[in-house]
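As written, the chain order gives the labels A, B, C and D, with residue 1 at the start of each chain.
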């Protein structure tokens, strides 16, 4: 068994890593760290993890593989010495997602702590980047919103079937905001309410734009992307609805688009192109991304809906998928789980 | 006091009419009908209405004003004799919203029961149509989605600040689906889930397109509108996010757009242009529409968010607003209520 | 119009006072205070209160009546000078609910700031104490749990139909915990979960015991009361289920108990004894307490269910009901509202 | 691999069996039946079960083990021929839970279809009945409420530490009502509301009373049990709060009660006596029952809280636990899962 460490296990992504890895046939969590709760048993902080007999420490013990679930900034600092030692690392923070340190500084407001590692980091969306992930020692786990948006749009952008004018409207459950307290996530404020937020620009936009740009082959026009996230009153799940005009002169049909998408994802264990519009509940607790593309013939527009669990395919599950690739395990090892329904 | 009748009080819109009219200073509900529950006291079917000492009958008694909350088709049939008798009527169904009977048949799958009344019916969105509503004897109360979408878009479309290429992404609470049972509205299925639905085309689309078309003055191009509704796990509320490219050559600023919107709605008691992005909870139980327009400068796109309570401004409250105008009462009579928060 | 001041308007009880008083025909909120938000417009902190054009100040202006919605300890300190000036006050905190300062200290962990006022304070449960409330200048507004429990039990305790061995199992929505942040009220933690809490003893127990003791006439046995509160995932509402053995030798029937309860509350505008078991939704946003008593003949036990909105009958609405009595207004002035359903 | 069949896979218990058995190392679902959906692929009816490539048939194919998830009445009829053939069966319905056919008829309103099998059926609460379950060919899976109540009370009743006067107040998520539609489970009706129901007597009461009676050794007094269920707005979970007077002359301490409970359940893989009051979320999706006993010294009363997932330990998970015992597999095979949190 591979010995796995989780840095900052005390957030939702960290706890979800511990939950999912408990089911992994080849890896075992042997060390977890977390500043605020250091010294406490993991099962005291998270009673649902009672079968894991681990104490939260301030530093990881020796392990073979590390997940960092620290906030941005802190994560890069923690990861640098591990990478130098040659440890394979999946970083769940945003620190290694943007390849341009200046862009990072623009959006995150801090100087990148380790720009020298950026060229080595691989963006860990296996469906677009599998070969590079297999070779990587440092993988930047995608953000939850970018995961849902990129998987919904990649076949269309890559396939050149849309104009470069994209609207991404995302609806996220509230665990996406993390375990830190805030008035917007206070039960009585968030329940029975939907809100748009980050209307001046969300930090996941540059990540989405960067990766869509890599897929976009038409040099004559650059992509115009609007990304608008919303909070909806549920714990888990992101539904992303993407809109773009059908490319000039293309006569898309629903069947044709479905065929394109199915072909694009034919080798991906965690993407399903569905026959009916999906709902987030169908991915509750597992690593699937469900995608439903269709064409609004009246307005000549492609509309694509995707569903993920923000804590699994949008965070911990995808991180384990990346680990599996990095270590040569079957890609779905430990992740072959039906969703929890209803 | 005006004597008011409600046809089909047993749905959510009917019950909400009864609740709100209880607070009205000039009107009193004196007769309510409903097929399934005929003969029962209203307060037995709806315990929250216990102060209304009314029995549900199969036919209305004599009244001075009628609201019909019947389903489409049935509503027009019920309304025809009332209109012939000269009674002022607000019809909450879709029957008199579309001015073209063929379009009605296309979307609703039935021949219009009373096409001769269509020219007399006024589309009851007071903010766009106030003078006509004041003169009308038959008002078609707008759908919940069109209310949120039209109020969000009207100043931009009328003002010519956008290209005719509009995406409307709406998120609705589940009471919008009514009181009739259905698996999609079964608690365990709807809770902890977001879903897109009616992806082949929702019946509110032609209504939105018709009214936006009336506001659109540029003959050279027709509007391309995509409308995509979603169900989110809450009881009440619709948040609508609208997207359209800024018109070629316009250099919109956030402040400029806000000024345009504030001017457009300066005389409207139930529309507020907000300084911060709103949430649906801020309209819970009252007749307000909150609107927040902004400009995504990166993509040169107008993004407008609106919030309403689907059962109030999206149904019963707006119907009372229309009654107030038709009968010469103050527009806000009985509707000057803060939202219920949290 | 009476000028009303609200001390600490920035919590849920304070905001709910402002909402409900907006509907009051004889009173107007003219001054509101709050430390953290002093200087801000009320409608900026609470957008649902936008029709109230008030600025939050650090101290109240001159008013005719004061509600204090401060936390315990701070509230008594703020109230003392007002009472000395002769202003009528309803205190929503716990400071004047317990008549015994030592008992207060035992449960709240602080020395009572104004024990000299305790004899003057009246426990403001109008249904049990109406004449005293009418004469009072300082009314202690009951806690939310005691309101639901006392109204459910008073007729039975007073009527001597039960043994002095009472279990009170209460289920509260999460707004009862207030607007201050806490992990237990963080959306993702509280949603999809029910929890028992305060199992070592909740501060509302001595208040319940004190008032039940006043109703209990049998000197030979004192009451044994267990009170266990639970958090359920909803914003508003408390359902309280009370259990007690039928008094020895009594042969209670459901009809007999209903008659006893109906008689007990026959003059109370805000209590209804219902024919069917109620649900909290039937009181959402209004000042009603719905009560359903029944007898478990198998176990010879009285079971009584009550429903209130914790922020209305459990806090702000009851406070206004008390103000109405203190000032000689009709008891239901401003509070005659149907619940908001669904 | 054992071939497993599920009769009536189309309800929530049936679907949950399929989900959990997908994770089982020794058993595989090879045949599923269901009347309404016969002929459809299982994954079309339940998209979360897409990895199971099964078609729903009207009759089971040949299998080695059967779960029946039919409603009561129908289940016994379906089970009889299987038992006669010698197939081991777990029946999730109520048909074989009550050992007295007359009691069954009294509560379920139908004549028992197979009273001759009642003596052979074993009540499948492994924690109380493990040896008998191991030997059984027909196991009656306990109801969801009895599971939570019996596990909370068994050590106290068996240990003789309480008087025979028990109140059981249970709070259930809405999936407990099943997948069949009903107004009480319609989202807009059930959300933001708590309700007591079945106040005249719930069908799970005789089951609870029967099993508690088997544990109760004091011949001089029979048990008086009141069981009151409530619906709370969440999908899964039951929290049960049990109350009983401490037995005369016993001086119980919290530590003493914890020790008694821990000893009672020391060999049970799915019961944990917790150090802090649990919440239902800590069992979301897994087979645990968390129990927290304490003593209210003021009222000399034992108060015990238990939490389960109604669809797992309260239905499908417990059924698999019984299968494991019947077939000689490790008791926790396929069920060793952390809960899904948050």
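By our rule, a residue touches a chain if its C-beta (ideal position, glycine included) is under 8 Å from a C-beta of that chain, and two chains touch if they have at least 3 such contacts.
Bear in mind that the values here come from a model prediction, so they are computed numbers and not experimental data.
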| item | value |
| --- | --- |
| Farthest chain (mean CA position) relative to subunit C | A |
| Pair exhibiting more inter-chain C-beta contacts, B-C or C-D | C-D |
| Whole-Å gap between the CA centroids of subunit C and subunit D | 38 |
| Junction residues of subunit D - those touching two or more other chains | 12, 173, 175, 179, 188, 191-192, 233-236, 278, 281, 284, 342 |
| Touching residues on subunit B, where the partner in the complex is subunit C | 12, 15, 18-19, 22-23, 46-52, 175, 179, 192, 235-236, 272, 274-276, 278, 281-286, 290, 336-342 |
| Residue numbers on subunit C that touch subunit A, as the complex places them | 12, 173-175, 179, 181-183, 185-188, 190-192, 233-235 |
| Complex contact set, residues of subunit A against subunit B | 165, 167, 169, 171, 173, 188-189, 191-197, 199-201, 205, 224-226, 228, 230, 232-237, 239, 241, 243, 245, 277-281, 284, 292, 294, 296, 298-301, 303, 305, 307, 342 |
